[in-house]
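Each of the two complexes below includes subunit A, the first together with subunit B, the second together with subunit C.
== the complex of A and B ==
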């Protein structure tokens, strides 16, 4: 899809004309500076990779460089708009710090010492395959774990381990993020929430966000929809210990005491039931267990909740009545990162039950019912195992393992069926319940995602094989035995992305240009490795284009057509009425209805109705460590991106202004954060602010890199992950509750670092 | 002729900087310089608070101080009311940079003053400026203030509170802020230090 020839000529003529006015000397320099858009621009459809919202984009390419990406209207994720991370994402492809060639750790050097020699792909892949086959012979295929995150993770965390025969495949997006809300949704609605939270924003009239940072986690469509809902006049209530961006837009801010959310939810249910404000017809028709629920919430009055939450009983009552007045167009959307205190599945159950009392699930202004698009798999021979990692759209389904295969190493530690990534670290150290001696890390940042970094480092040091596939020399990557440099999202095809949605759709990523340096796409790496492992039969396709073309045939398309479309949209069944027309209901629970009371949880020995557990108190002199997102950064992935780092080069620690004064911190001061186990992070700038309670501090996630090869990221800010040396395992979902960590602040000198701009200027010169 | 301007609705803006990054990419703005930036200021005391997220850029003033100070005529106003720089006439003397009360200009090392153009190259193709097109909160409206049927005119007509930056300078900015969150209007302006 090129620019129309005529407009291209017109533009270049204008540029040439302008230049000719100048003198001879400037003619050369300014001709060189002719902007990219005056040259021949190709446009290529792709999918953004700077977060996992996965917006459809159009890349503008000149030669071997993408200058600009934009959303496009036909794509239901971007709809023609992009967030800052998406806009700035191409800068990563041209980052001089990228991994450029396969690397093998120098024999005899220690893991983590960072001594490597360059290798050919042939040698690197042979090395890995040989080691894998020997581990398989000695310990079995389950002795290799596969961790990954990103659009390409399907090759390495779903497909390859299932073909290879290891159930130990895991993604951080499950037990370090969405597990509680997804498991709770299964026990309540019998359906996933999914990666695109299915809220009917355009029609909602009343929104209650609990710890949900819209505007700071710039999930593009969600931000668009939420903004539109507010423009339409929807009322907004924000429950957060911090005056978040969303709180700044709210009609009411409830600065709740951290960790007491379930008490608030129970009190709201109490009011709806005690004052007869809930949707009786809906509850009767679509739910089971109302009588038990009514009896259960009877003692949880707003006065009781006020003592726990520090929110006035009167306010609790008023908000409950306002919700009821707007029902069913009142909604409490589930946030994505729900691993907070360890009892998180129960909190999410409480949230869903409250939504059900408002009668909003499957109805306009509430939750729509998301359906996945129709798309067939590539016909390979049956894999020995079912992919087991799950994802942010819910847990895996594998209940038991086929004969001859071991169960996943974390089985039995919690109720859910999906793998909990943090529970696979221990077996690497103890060899129990069986040894895990090998690890693949694709795209995930082991140290900035998994809590208890010292334990992770100990585990890495014990492995027989550790392979990292990445685009940047992240700290954990530089511990690997073999480092495989992947092509970035602009340089590769990936598998089709199929999104469950109000209008289900399929989107395509295709390369904008050839991979730079000696980098390779994930699909190629997986296939080449498969060949060496004796798994050729599972990779019967010649190349990715044949693979994609075959899958697209199943929906009446082909790759060439899809390349011109970017996105294919299908019809969904978003409302209960759509299902009732077909005489069915969407609920996949045992009862076939929304389960306010969960018989399944009762049978498994858990509370069938959500019970409030007060949070553990912070030790004397410590603040609870809260964390969240910056709108211009994603996880620990973007802190070496020159454009995004210029926008926000570091995080800062939010400290209540009065506390700051008490501790003697002034504007511009720096602090170390020291946690309850003596781990120290920083120096990090102190943001003395009115925008947070006195009992907590807050930092954005993703900073505090300790990777020498990442010249912009290294040493800037503080890492919340390194300070999370503890977590509380959610016994239902396997989620790792991360908010039971505490820090105190110690005065620190300003860090001696070149500014990001200075480094970028030196690069240019 | 048209009178091109822009509205920024501060009740919608979340300060995410999508506009600033889009601008940086579209115009390949060099490191250390910006044509568009975000200010964030909190107002009030716990728990009675508000935060102003405010993008700033060249205001394409109707009475631009940067134009008369230019010794070579490089800074000029187009018939559409845009304030632009002719890179070939510019000698990078910096007079316009000093004259701008909004700190909207910088000297490009290639030898000329530079700033927001409202993406005139995109307007010429019938597109929106990059900052407007990408805004995920629908905070920005661009168009012809003289056309009563344009979206910008209609939005302005229906809008509540309207402010411009430093009205006392008499520059008559065409970037207009709607719905400033503080009752006192736009928060205090300070000079930007890069």
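== the complex of A and C ==
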């Protein structure tokens, strides 16, 4: 009898003939390991992935373990500091729940039933390629959609779909987040706002935040700068139906009726113009359409706005006058998540126009003009399509399709040129305007990002091919036909990150150690798949190091030098005066100026000036569902992270204290949230508080996971996304307005879950 | 102890052609029978299961399962309730002491059951060290997860082997304790 020899381990030469080690073995087995910092520690530059601020980090590494990460001073995103999310992020790499090996759904099993078998990478990639080529043959390349989110998404939503020939590539960060803000910025300034919001915080003297949850959507240096602004004496006004973290720091809190922000903005414009308080010289020099604007806002008095917003007219006047006193160092920063009620591009236009009246765009204490760093692409043959997934930088330029290629499946539903991810779900069900039969989901949580989860599930069940590339076994991942486990941010290179900024810069992510388990980096997956799809010509580089080195050569660097630097900073042109020295202006609009009145919108059949539309009323007995961020979690990505879950293990529902009393809820009671379509979430703890208006409730986004394979996240709190069964499409940006969802509260028992703290205590025992 | 190591490595590694060969040739069953004889136990009767069913079961028990992974196959999970804890560090120190290195082809953690099993087998000439590995690392995992496998294993293959190995190590543990008595 002889068993087949396995070979997972090998004996080193040193061990041959070694003396008996029995006694020593017992000692070793009971010894404590030496602290990591007494061992040989390597320092590796990388980029944090626990939110999308993308802070430059330095990782302290021993062997195959990162023990500590910190920011470094030379990186403009971290400046030597890191938030809790960044500090806790390495725990994800060592999460026992991680996806570890490629998996293929068992043939004949139902999608969503979760029956899988292990596969080799070759087998998994061959399987995908065969299916893709078959779908292309039958329906055309556009029948496969590509969704992605994260630093590595470029391979899967930009490069691969463009090489493959599908225009249906999308990111949630566009139509479920920034689309209205970016599209409005394009129509007003002819420039993007971009992922690093270009506010000159340290020099501003007066800040008005509208629905901007700074301090909750903690972006590292933004928070540093905002704190500095306050330290420097800047006044702060917070407009929010909820007494947010920022409101708690404010000089004034204006508890606005939800959905009436445009009314307030129009009234402020009215005061600035009626009382001659706007920056006349700036408006004359840099804008067009002032006369039309003045006529347009004339009826929107503070008294009119008071009826809409429930903010006293006198307060509206006072704030407008205070803004004017501090101009141009008074600013209303645009927030990121701007898909609220479906008329959001117009609201964002109103915000920008108001900023322009204060004369702050391109001037100190207002908006600086962010420039991307110079960096060449890797030279490849021209891609069949222009990458068009968009992202935080707004709509891409390409609109017409090359001959032989179909337009995006969402084209014609709205004006902007960017793709709306939620509008690509319907074609998967109806086959209209043409069938989408395949889907790649890279790093996006389909059920915690895209509204109307039942519709998404129906769409997934109809696909011929669904591939998930991820790190954790999230709900939607376990529906896939093929699951490809990606290496985490600490285990991989990604493409260079080029950040538009006051001082444009390029930052590098490099692996701190080899990928654990049988996981692979995204670039490798894309290249290997490309090879199998006959797209080798678009992946001419040998490996990622050659790719990065070639790109860095274009800015006079090489990869080895960049590995020692982490970040390369370039010069920018942040102020209008910098541009004027070169006899130019930064505005990319048709007129070359800031367009208060938009001729382009008028020509397209939309209001050329922002028009207020009252929000839809909540059904009787329901509260408007508001949602926001936690400073220690990011989206639905971090709820399995033990470090962060110890700090915040669940969300709670904020309910006005008087309403709580009326409904018989005490602080600490649990409730189910039931929406207008009967969808139930929770149980979730009730936070009875004076800090929210009576007509709305609030929960933080990202909780309420239903993936049992995520042992910490599963079943904790309530999901706002599952409750968002409706959305209102913004006809200009394609954004999905999510705040027209309503919930009522029903009493619920406390969940029977072991506390996170107890679980972690047991892990540490 | 060497045979116990090989059986552990053969049974808990990702099921591929080698396991299929062991099953077809009856070598795994024979190894179990021999161990049973040595320790005076009733041998388990391995169920007749094809490779595909074993692959599906192995994945759902040890790799990924939407309903929650019932048996993470790492001895550190039984020792520390987490990966890369103190138990893992100690195991690595033991490997180093024994001159064991992880093969570059092994795309899993070094405290995976199959790797620990192989380590026990490779240390045939260092029985005390092999016994330490078996009793202080493999046995806690089996004690904790053999009952879980009895509930969750759709094939009966993994559960019958885990329960049997657990009984063997109970015997070994008893012998070791008896030998240590004054």
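We take it that the second predicted complex is superposed on the first by the 727 of 765 C-alpha atoms of A that agree within 3 Å, B and C clash if a C-alpha of one lies under 4 Å from a C-alpha of the other, contacts with A are read in each partner's own complex, and residues count from 1 in each chain.
Quick note on the criterion: contacts are C-beta pairs under 8 Å (C-beta built on N, C-alpha and C of every residue); 3 or more make two chains touch, one makes a residue touch a chain.
Keep in mind the model is a prediction, meaning the values are calculated, not measured.
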Is A:626 contacted by the first partner subunit B, the second partner subunit C, both or neither?
neither
Looking at A:248, would you say it contacts subunit B, subunit C, both, or neither? Reply first, second, both or neither.
first
In the overlay, answer first, second, both or neither for which of subunit B and subunit C A:516 touches.
second
Is A:446 touching anything from subunit B or subunit C once the two structures are fitted on A? First, second, both or neither.
neither
Based on the superposed arrangement, let me know which partner A:330 touches: subunit B (first), subunit C (second), both, or neither?
neither
Between subunit B (first) and subunit C (second), which does A:473 come into contact with in this model arrangement: first, second, both, or neither?
second
Does the superposition put A:643 against subunit B (first), subunit C (second), both, or neither?
first
Name the residues of subunit A shared by its contacts with subunit B and its contacts with subunit C.
7, 11, 18, 21-22, 26, 29-30, 33, 642
Within their complex, subunit B touches subunit A through residues 11-12, 14-18, 20-22, 24-28, 30-32, 42, 44-47, 49-51, 53, 86-89, 110-111, 121, 124-125, 130, 133-139, 181, 194
Seen from subunit C, its contact residues with subunit A in the complex are 6-7, 9-10, 13-14, 18-19, 21-22, 27-28, 30-31, 34, 52, 55-56, 58-60, 63-69, 72, 74, 77, 80-86, 89-90, 93-95, 97-103, 105-110, 112, 114-115, 118-119, 122, 126-129, 132, 136
In the complex, go through subunit A and note every residue touching subunit C.
1-4, 6-16, 18, 20-26, 28-33, 65, 94-97, 99-101, 103, 106, 114-118, 473, 475, 478, 483, 516-518, 642, 707-709, 711, 714, 759, 762-763, 765
Enumerate the contact residues on subunit A facing subunit B in the complex.
7, 11, 18-19, 21-22, 26, 29-30, 33, 35-38, 67-71, 80-88, 90-91, 215-216, 218, 220, 223-224, 227-228, 230-231, 243, 245, 247-249, 253, 255, 631-632, 642-644, 646-648, 656-657, 689-691, 693, 756-757, 760-761, 764
